[in-house]
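To start, I am sharing the structure in question, which I have written as structure tokens.
Naming follows writing order (A, B and C), and every chain is counted from residue 1.
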Amino acid sequence: GLDTYVREWPFALQLVVWFLRGVSRVILANNPLSGALILAALLWASPWQGLLGAVGVLASMLTAVLIGQDGAEVTAGLHGYNGMLVSLLMGVFSSAGDWYWWLLLPACLGAAACTFLYSGLSPVLDRWDLPVAVFPFNIVIVLYLLVTRPDNPYFPHYPSLPVGALQANATELNTAQLLQGIFLGVGQIFACDSLGPSLLILGATLLYSPLQALHAVLGSAAGTLAGLSVAVRHGSLYSGLSGFNGALGCMCVGGLFFTFSWRSHLFAIATAFLCSYVDIAFSNLLGTIGLPACSWAATLVVTLMLLLTGRGLATYRIPIGQVRS
Amino acid sequence: GLDTYVREWPFALQLVVWFLRGVSRVILANNPLSGALILAALLWASPWQGLLGAVGVLASMLTAVLIGQDGAEVTAGLHGYNGMLVSLLMGVFSSAGDWYWWLLLPACLGAAACTFLYSGLSPVLDRWDLPVAVFPFNIVIVLYLLVTRPDNPYFPHYPSLPVGALQANATELNTAQLLQGIFLGVGQIFACDSLGPSLLILGATLLYSPLQALHAVLGSAAGTLAGLSVAVRHGSLYSGLSGFNGALGCMCVGGLFFTFSWRSHLFAIATAFLCSYVDIAFSNLLGTIGLPACSWAATLVVTLMLLLTGRGLATYRIPIGQVRS
Amino acid sequence: GLDTYVREWPFALQLVVWFLRGVSRVILANNPLSGALILAALLWASPWQGLLGAVGVLASMLTAVLIGQDGAEVTAGLHGYNGMLVSLLMGVFSSAGDWYWWLLLPACLGAAACTFLYSGLSPVLDRWDLPVAVFPFNIVIVLYLLVTRPDNPYFPHYPSLPVGALQANATELNTAQLLQGIFLGVGQIFACDSLGPSLLILGATLLYSPLQALHAVLGSAAGTLAGLSVAVRHGSLYSGLSGFNGALGCMCVGGLFFTFSWRSHLFAIATAFLCSYVDIAFSNLLGTIGLPACSWAATLVVTLMLLLTGRGLATYRIPIGQVRS
């Protein structure tokens, strides 16, 4: 396939392929083309964010080489996506404005820390055949935001609000914005909240696997419904923040870690709802001290679904070593 | 025994037996008669709470069947007690009043989520031969209360106070109320704070095992003493809330997971004190954001005691597979 | 060696050796002489603290004998250092003043609880060949401070502030105090903040292993740098509180759990920075409810480094059973 073909390319080109593969890993894909589309989407939304993301992937991959991680893991892009998410989120939360070059320092350090965490968590999770997923990203970004409180003189950032916080002047729901929020939910996986780039990211998912793309939209819709059912802030629904955990959970169960069947499809939708409610809970918890809930909910719920022993789901489980990669 | 006899009954009656067994599991028993007494106690205390509890058990058992859990586990009532506790606690914390029928929706969903957690946690805890116990209940109820903050428009609930919060006009201790609190501590295992039903629940424990009942009262007394030693709110002592974690811990070590001996009896009392102090700590921690400490303390401390390697306690340990069930 | 020689001494003297070994375990040493020097340093800094520390070691060791822990573990001092740290920290945080004799009660109970936690955590951590380290101390002290809130009538204590809290009237940095803070960082491992005793503790480390002492100072310096880079409170830098997590992490990786090489030396310095940043994060998190970050950061980061699978560090890993003890 592509892999043997790539091996004969010049090193610089090979590096680009590994890099783009790392980018595509965030949406659970493993495809340089999807990665290129996503990077284009991010650069379209904000060139500074695109740069930050790219730096994150590179810092993370380089650290993996330095600490002697398995080469196959590096070329498969497994040591890039956590670092990318960390540096993207650092950029989004930074209140120092775009092109604040000092931010590259914590971005690189945070991305490097992700690789340490990836390497350290894998033997623990391996015991139950669980993937490391985005645990490193979620841990590092929360630690970063805790180290640099909102009023930090060097690295200030915006505090997050609980999604359940009462709204002073709540207006009626705007259905168009609600529908748009469902598609923004896919973009929010990369902390991107413009419609065009979000649709391009959805396209990158579609390119890798139409099933994944379908589940991403379904999951985001489920997240929006869950948010409506407990009256979260409208802003959270419109921006897609209510949807992206559901989208991630739905994609993992519906098209990645389990073979497709009507049963696993139903489980994927149940997972999307579960992810969304847990995300609301985490947002209300972490929001009390100004922290975002990131993708903790999707990560923990998918880990739980992978552990289920009931025959209804466990029979469709694909061993981690054989997950399309 | 009863089991082979039951197998010839009509299905509806069998279902009732499984259901009542699930109810009795909360007090670590496995006896339909104890379950019936407890259900009667709950209905006596509040018909709405009794209904909620019953719905929780059923939703949890049904989910277990749907996701294909082992049939033997279902008939033993292992997939009911967590769901029951979740729906009971949802009812107790709800500030929408009794007979608020919409509450059945989160009660069913929460009870279903318990079964998912039970199924997912068991392979992790199995590694160290540990029971899942009430981890699912504790996780789900905390998440539910986080999702629906006190001021939620659909599912409002009362916030919890830290037990160590200073009392504005502290009066002298009332010994009679203190003694009553010890017995209420047994009822509080089911979130029940009336004396009559609490004594009936103690009776249900006595019916299953006098040793368990003795340890329940001893543990609740130890919890009250622990509360006195660090000056918790009087209300917490009088209502039995200071005692129920001690009661649970004492029952688990004194009469369930370890063979009875003077040594394990002493350990049971030590466990009761440990549970109570940890419960006070958790209540002071979670209370700062309005959350209750539930039975986290008892669950974690008993898990710790089951892990002890010291010969003093480990030699009396009964393997989980052989615990009277 | 010394061990066979000690076995012929009278029991009282043997007990003293075990006791002093337990004291030296806090700085990762295993040497009665280092232990004696440390005890002298603590008594010099504050006789009351010295007494508390000694009581903590004894209560912890006695509990280990009572619950039937392995005799070899007790004589090696493994069941003493956690208890010592708990009682020392209880003394430091107590706002009831020195020689408040009632404090011996929680000190003994807390030290005993450490032994329970040590025994219970070891089978869990053993699965990944990880040491129990100071997990028990960190858990027990946080629980104690939660049980007795600052305004407790019997056991009042000082609340902790987040290190990142903005300073009203920040003055310029004092270089002399900053340098002194680096050495105080070694003393802060025992919650000691006077220069003389801190240097004596550094001497005790030097006596056991010059490499350890070097890494202790290097780690403390790294911690101070990390603190400067995110503008923590000057008081935290001057008192050595910013340095001690870095010192602990640097000692563990540079001279205890890994064989010395240039690579592990570089990793030790990286670990020191990682520990320090994580410590700042934890301090900002726990400080919001008045709790200190203790040595959670060093404990968790070192555990992570021991789990790393990358060949760069994993090849130097010494199995826990063979760590110099």
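Assume a contact is a pair of C-beta atoms (placed from the backbone, for glycine too) under 8 Å apart; a residue touches a chain by one contact, two chains touch by 3 or more.
Everything numeric here is computed off the predicted structure, so don't read it as measured data.
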**OP:** Would you kindly state whether over half or under half of the residue numbers at the subunit A/subunit C interface are used by both copies, giving same or different?
**Re:** different
Original post:
Can you tell me the C-alpha superposition angle of subunit B onto subunit C, nearest 5°?
Top reply: 120
Original post:
If you average the CA atoms of subunit A and of subunit C, how far apart do the two points sit, in angstrom?
Top reply: 37
**OP:** Among the residues of subunit C, pick out those that touch two or more other chains and give their numbers.
**Re:** 127
Original post:
How about subunit C: which of its residues touch subunit B in the complex?
Top reply: 64, 66-70, 113, 116-117, 119-124, 127, 142-144, 146-149, 151-155, 289
Original post:
Inside the complex, what are the residues of subunit A that reach subunit B?
Top reply: 127-128, 162, 164-166, 229-231, 274, 277-278, 280-282, 284-285, 288, 303-305, 307-314
